[in-house]
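Look for chain A in each of the two complexes below; its partner is chain B in the first and chain C in the second.
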Partner chain A sequence: MKPDRALLLHLAVIAALFAMQYVLPAYHQGNLARILVLATFATGYNILFGYTGLLSLGHALFFAAGMYGAGMTMRFLDWPALAAFPAGIVAATLLAGMIGALALRTTGVAFMIVTLMFAQAGYLTILYFNEFTRGDEGFVIVQATRNILGFDLSNDDVRFVAAWLIFSVGLLVALAVVRSRMGRVLVAIRENEERTRMLGFDPFPYKLSAVALSGAYAGAAGAAYALLFGSVGASFASIQYSIEPLLFVLLGGTGVVLGPLVGAIVIFYLIEYAREVTTAYLIVVGVALVLLILFARKGVLGSLRRRTDGWLP
Partner chain B sequence: MDFGPQLFLASLDGMVTAAVLALTALGLSLVFGVMRVVNVAHGEFFMLGAVIAWFVASNIGGHAAIGFIAALIIAPLVVGAIAAAADWIVLKRLDYEPEATIVATIGLLYILQQGALVTFGPVAQAVEPPFNKRIEIPWFEGANVGWGLFTTSYKLFVIGATIAILIGVWLLLSRTKIGLVMRATQLDRETAQAFGIPVEKVYALTFGFGAALAALAAVLIVPIQQADYLMGGDPLLLSFIVVIIGGLGSLRGTLVAALIIGMSDGIISVFFTPTLAKIIATLAVAMVLVFRPQGLFGAKAQ
Partner chain C sequence: MTLLSARNLVKDFGGLRAVNVEAFDLPAGEIRAVIGPNGAGKTTFVSLLCGRLPPSSGTIRFEDTDITRLPAHERVARGIAYTFQITSIYPNLSLLDNVMLPAQRRASLNGTADAAARAAEALERVGLTDRAQEMAGVQAYGHQRLLEVAMGLALSPKLLILDEPTQGLAEGEIETFIALIRDVAQDATVLLIEHNMSVVMALAERITVMNFGEVLAEGTPDEIRANTDVQTAYLGG
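Moving on to the complex of A and B:
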């Protein structure tokens, strides 16, 4: 039997990431933990955008739903972190399912605008209920409550391993999904929705599942962000957090499972570097978007895949 | 204050909002109608208009009116040129493919906004209005006359100027060769090209013109609102709302919707909070797109 090259590659990446904590200095280890959480967010986004071909401009809302789902249950209901984390995922998945059911009635440009509008309405709603959400200012989750089964999530090493664990699970699930029958149908919908319908598949449940699944990823990332870094705020629901996963995916490679990780690492450090040089560091985001869409539509790994007989999933 | 006078004042402020919104949204609607391009950077062209107005007004001495009139001419021209260049350099190469152009205009949004942060700075700047006479409004119900119930001549000027500009745009589109060419391109790009219309140039011109309208709106409002590098968000959001409720690409629908959204935004903001007004509007838009994609006033898709 031939060895499963793709699975081995992904396991190797996961192992290499784990080993990074022994190699990297503390500062970069902290950065990598943050990158892994954001990459988890983008890995889910990739299933929707990269594999299903649906460009959402509103995923910040699901990230924030995960964040507030975890943060609010801990703050107001005194839930332990172990229960708050899945609460965030459930909140985001349900919200994504509801918004997806509405937004998927539209296609193309209208889908992008509808998702953008819902996310904006969500962002404004968080601001409106300032009394509970603390608006843009946000609130801090008490450090003592940020522990799971005795592990202190605010500890640097624990935090890294937790972020790594969430990313690894997300990566392997994404790999399994895109290689499954469902993943094939999603790609078929991306390539030609009409023809997929003709082949006897109803695209709607598949598209809705893709929205909900990407929402679950966003929720997991948002909840993890709240638990690992302790801050919850409305700014995470702003348009910038909808653009970031799109940018990560575009740079790393749309429709490549490992793409978002590569994109997240590159963009994170580009922004970090630009931040030292100028206050207008977000210009990096703008320039990267324009250059990518003009000259490198396939992203880093997308271009690489064309030279590897396409076995890279 | 009584409910009546307060409603009257809110309506008047709503009219000013509606006027500026109508111009801004008209630009967005025109670009979408002719080019089928959703310009996410539209709000930044608005911001650029305000920022350039400040630069012009603060560099030209003399009476405030001189700087204002100069800004009224220079800002739309400069912004229009920047937009046309962006179209020529970026959007044209993407063949105006919807997803790619949206991503590109998001990129443009960040470039323009952060560019303004570098050149203009993070601090909001005020521009002096050319005239700003306090106009008392006699209120016949009596009791509260004399305190608070006033508007300014500049606000009335904004409303008047907007009506004049709208008539001008309408004449341009319906009575001139440029308008004819734009409408022809909108109806059928291929046929227009076959008849020798330089479609690419028409696109650049339309994109520039749409942005110039946003800049013009910004010059009008900046003496009331101040220039700030982050000010592009609200006009973008409201223009989107207006263009969608009015029906994508329908200019008449855009104007009606601008009036409704501007007025209700003004009134709800006064009696409740601006945030609530925007939540209602954004949700309304999402619902309109989902359940009535041609907009409330738009005709069925051709």
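Moving on to the complex of A and C:
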């Protein structure tokens, strides 16, 4: 049997990420944990945007739904972290399914606007119920409750491994999805929806599944963020968190499974170093995007894929 | 046996009545050509049949079932395949992946696991097997047209609707194409919109002539050739 080199590559990346905890100094290890959580968010977003061709500007809401789904059940219902984490995923997936069912009545720019409006409405709703959500200043999840099966998630090493685990599962699931029958249909919808319909596929359930699945990723990332870093707040539902996964995907490579990871690492450190130089650090991100559009429109890995016969999934 | 029939089928675009067909019957196993001057409503008419457009009024029956309200993808599931006038393929996918999609759809509808075999057979029938791994978008126009037909064939349709399939093909390619459609017609009914009269005369058992959205005449190629209304519509009165 021919070795599955795509699978091997992804496993190698996962192994290399794991090894990073022994190589990196503590400060960068903490950064990488944060990057991996955000990359998980963007990996799901890539299924929707990169593979299905649907550009959502509202995924911050699903990230926040995961965050609040975990945070609120812990705060008000005293759920253990082990139950709160899936609660966050379920909350985000259901919300994404409902909003998707409505927003998918539109396409193109209208889809962007509708998802953006839902997310803004959600953001304002979190602030409106400030009494319960502590939306404006956020709330902290008590450190003692942030443990799963005896592992203290606030511990740097445990936190890194937890973030790595979530990202790894997310990456392998994404790889399986895009190489599955469903993945082929998603790409077909992106490439030519009308043609796909005339080949006997109803695009709607496929698109809705892509929205819900990307919502589940956003929820997992949001819940993980709450558990690993202990903070929950409305700012995570703001437009910035809808734009970030889009940037990661664009920079790393749309429609490449590993793209969001590369994008997340590059942009995170770009902002990190730009911040030391200037307060107008976003201008550096802007310049990077302009350069990207001029010289590597398919993103870092997207451009690389064109040189490798397209075997990179 | 009638495979497909339409009654009082009307499509209005604002104030324009693009299609107004009182009666259209297509027997199973026939190769039927639809001809008519530009703007006669041919593409709109077959778009109503395959479900790309909803009719303003009227009924369509397929295998004695009313399909007027069925969405396009469900009509495809029942055996109606449509190939586009303007080549509509997936340019960034390989030829094999292009035919894999409809092959998978048919396999899952039939509950069989023969998608790969179906896809290979569809490419074989149009003679594109050698190029299976190449990208569709870089193929010559003639090959893209053949791929378009192969995508229809991979669905194993009962009715294959071809919208101007030979448009833009070279003479030699048209010969191959005529042989292909004869082969397809062994086990499927073919409805063909076509401008090239030599293709129509070579293939069609019956011809429906449309003008201003209505059926002007219908008959065998010889009857149509002799019909003075048709001559007037084409040559001007």
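Just so we're on the same page, the second predicted complex is superposed on the first by the 305 of 313 C-alpha atoms of A that agree within 3 Å, B and C clash if a C-alpha of one lies under 4 Å from a C-alpha of the other, contacts with A are read in each partner's own complex, and residues count from 1 in each chain.
As a convention for this text, contacts are C-beta pairs under 8 Å (C-beta built on N, C-alpha and C of every residue); 3 or more make two chains touch, one makes a residue touch a chain.
Quantities reported herein were computed from a predicted structural model and do not represent experimental measurements.
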| item | value |
| --- | --- |
| Room on chain A for both chain B and chain C (clash or fit) | fit |
| Partner chain(s) touched by A:Pro25 [first = chain B, second = chain C, both, neither] | neither |
| Residue contacts with chain A in the superposition, chain B compared against chain C | B |
| Touched partner set for A:Gly150, first chain B, second chain C, both or neither | neither |
| Touched partner set for A:Pro3, first chain B, second chain C, both or neither | neither |
| Chain B versus chain C as contact partner of A:Val109, first or second or both or neither | first |
| Chain B versus chain C as contact partner of A:Thr196, first or second or both or neither | second |
| First (chain B), second (chain C), both or neither touched by A:Leu246 | first |
| Vertex chain A, arms to chain B and chain C (CA centres, degrees, nearest 10) | 80 |
| Least C-alpha distance (whole Å) that remains between chain C and chain B when both complexes are overlaid | 10 |
| Contact residues common to both interfaces of chain A (with chain B and with chain C) | none |
| Of chain A, residues touching chain C in the complex | 181, 184-185, 187-188, 191-192, 194-202 |
| Partner chain B, residues of chain A touching it in the complex | 55, 57, 102-103, 105-106, 108-110, 112-114, 116-118, 120-121, 124-125, 127-128, 243, 246, 250, 278-283, 285-290, 292-294, 297 |
| Complex contact set, residues of chain B against chain A | 38, 90, 93-94, 98-100, 102-104, 106-115, 117-118, 122, 237, 240-241, 244, 273, 275-276, 278-279, 282-283, 285-287, 289-291, 293 |
| Residues of chain C that touch chain A when the two form their complex | 50, 52, 71-74, 76-77, 81-82, 84, 88-93, 97, 100-102, 104-106, 109, 151, 155 |
